[in-house]
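I have a structure here, written as structure tokens, and I will follow up with some questions on it.
Naming follows writing order (A, B, C and D), and every chain is counted from residue 1.
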């Protein structure tokens, strides 16, 4: 096994998905399964985890230094990529996807691969509904916005009540933590938590399972290695929806 | 590729070949081609090059510390083995072997493998004729002794005059340097040097081609790596028969 | 292969279920991940190194995966005193808190936060890529002695982790011993660097980092061998260990126990696997093995 | 990959056909093997280290082949003054004599034997496994400076080869610079050991040895990077180099040229192969590359 230095790639194209989210296409394809992520080296700034939104793209929401730098990148700029890492979604049969905001990114390649029957897409407001067009071609798309500017007025989780969840073999979820937590509760109430697959966002330093900064309670599982996708039964009575650890390891509660 | 630590083996049997030469059999077989050698670790003493006289034996003439310690070993004693190293003999068709003293060791497995048509065996005196019995079964054996106590009285090289050398596709030689040098001269006179294969003994420290202590002049070839077997044409006008370097690299002339 | 007779191990005052300890900084950040490793067969566990102030460490990249090792510059990310929350659930388990500071007082302060919750301390005097901490102070015998004394004064078993990046390791080991260390741990990572030729930049955010894993095993064996000849307290061997055979080799060099770090990444179950190979009823006594290569 | 524009290289006063130099102690024992390596494309060659008295070096085993490197303890075997015979046939070729001694006077004496036959000297102040020689004296800045001065006084280009087994490499590099070195060479092997668990003995006859090859590449890159920031004279990078890409990485760390050792074992033609990949008409100027990772 040789060295695995970060693969340096040129940005070939930047697509404006929503007023805030940018998709960065890069020069080489990365073989991956939907749900897997890469560590993206933003030279001079930091290295951060990002889902692959396609074999040759990441889709970024600017929230801090590294993501903002990425969103400001142009054709010809260069980034380093390590990975792909993690397990990804594992589906067959009927699959429901539930996505909120930038959480749509890892679910997009699953849907475009024809693996998603029904797709529930949520965002704060209509213009922030990412990847709407491709998703509506590939799946049966239902939409919700917090401000009611499009689709259901309210949380995307409310759309769950309109579906017969039992028909889905898998329910794949990615989005803000409170949203994911709510989905887990709904599934648990129906005894369907085992069909849920939740892609977690946790602070990651190494991405390869050595540092432990992404471990979740109480299992001690590593989001970067045993995750980022966990089944609902793995997450019952876990830290999900209660707290995350920041870069120093201090717990930050959701309120 | 993993680490290649010396393989530690137990001596299973010690056979007295001649009053001086001992064959040490060890526990595991080493896949090899005749003419290849191993580095033998004599714990607490040194590590020295030794031809394999069979897949699980070396045959040793005591000349100094390490070889004397080896010859004094018994069943149950342990040695370390690295290798096999080097190129070995490459023969097909009719092969003549010319061996002197302990130089018979690398030629023995060639002969027992049915690859030698005619075998010329020399020693100082009759009791020192090593491996006589097995050789006489496997080949047409001709013998010479310096003191005339058996076979031809004189150098083994004299036996060459009685043969039609042209019928041999290969002439494989191992023995004291002056003897090998004489054989090369005989072959060169007949323009047959290209058919000669000479197994050289040179001082070896690493055995793997890195230290350079076994390099021969003027080619700079490494006896441990490009050798120990060289064809006669590679050795014309070389140091063969003129000098060897000792452990420090100082040239010692043959007189 | 040589097998050892199973049994508990007392190592510089820490009671452990076997000779295999989780190394500092590997899955040692949370109570639950430490518990996971203990449940997976580690005889004891050292926590992530904890310091006087909470920090997220160096900017990334923090790690480069090499064919034969790992290069990292985490930069000692740690929750500082908050780490007590993580330790709360581990009380009574063989957990050793790794601590660091910039002065003897800081070392003592940090250690004192956790004194009621751990089986002992390990001083990180050896991280090769943190300004003003770790190896920056672990290369001076006087400072090593004082820091050790400050922590040892708390009355718990005190291990001192050493850096291989020094001219004379025995001198540092002896300083730790004078300061009251109950064991020395050798080694932390070897200072190293890789450069991205495309970006013309060192890959690590911190530029410099520390090499661990297979590549440093022969260096770690050498360090343990040197220390075994120069200190009286037990030596704990760490660096590149991945198999039961490696454990035996490290013990023959002089290690009374070993720590495993990088190899846990691929396989958190490695402790159980190694223990399964290493121990056999009727096996050799560890006393016969430890240091036996010194002849 | 980045390609360099081809051309001769002047390195601390030694004129070389390219940036690729044979490292000391590898096939450098005889005139004909040095000639062979030069004919195989090396830009220059450093000889085996030659000392004040002829010696066969340490008893074997002298080498352990590891998956990712080589561990050796040759013990500086050398023919001493007799080496002049070997050099005789190499006059005018870019051959640098590696010399060692126990004192500045010995260094100077040994070097003076060969002053008319070589293009320059390299001081071996760094062999990690020879009592009283090499690293045994190469860790003290004062001694390094004096030995360097003694050899530099002969008026030939003077390279000083450094050991990575020190706490503070820049300090040693600066000592060499003060002594008149025209270049520093980093690094010699890393002190290491392996043990045969069956025989319960260190494998090397000398017990301790030096690690070279792939395993030490990240350590060597780090050392070169450190030196580039602390000395004004050119740095020559050595340790684990096996490909053109490695050469570029080492140059970006700050190496004005490189030496190749262990990789020659499998492939004495490696110099030509690397050069074939490294150079292209119209390539980048080496000046642009050397040290560019210091940003």
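What we mean here is this: a contact is a pair of C-beta atoms (placed from the backbone, for glycine too) under 8 Å apart; a residue touches a chain by one contact, two chains touch by 3 or more.
The shown structure was predicted, so the numbers you read here are calculated from the model rather than taken from an experiment.
One inter-chain figure worth recording: chain B and chain D are separated by 35 Å, centre to centre, where each centre is the mean of the chain's CA atoms.
Chain A and chain B have CA centres that are 68 Å apart. Mean C-alpha position of chain C lies 33 Å from that of chain D. The mean-CA centres of chain A and chain D are about 51 angstrom from one another, to the nearest whole unit. In chain C, the residues that touch at least two other chains are 66-67, 194, 201. Shared contact sites, meaning residues of chain A that touch two or more other chains, are absent. Contact topology of the protein chains: linear, an open path with no closing contact. The chain pairs satisfying the stated touch condition come to A-C, B-D, C-D.
Chain D contributes residues 25-37, 48, 54-57, 59-67, 70, 72, 74, 77-80, 82-83, 85-86, 194, 196, 198-199, 201, 203, 205, 261-262, 264-266 to its touches with chain B in the complex. Residues of chain D that touch chain C in their complex: 1-2, 66-69, 71, 139, 165-168, 190-195, 197, 200-202, 207-208, 211, 214-216, 218-219, 221-222, 225, 245, 248-249, 252-253, 292-293, 295. Contact residues of chain A toward chain C in the complex are 1-6, 8, 39, 41, 43-48, 78, 80, 82, 205-213, 215-222, 225, 245-251.
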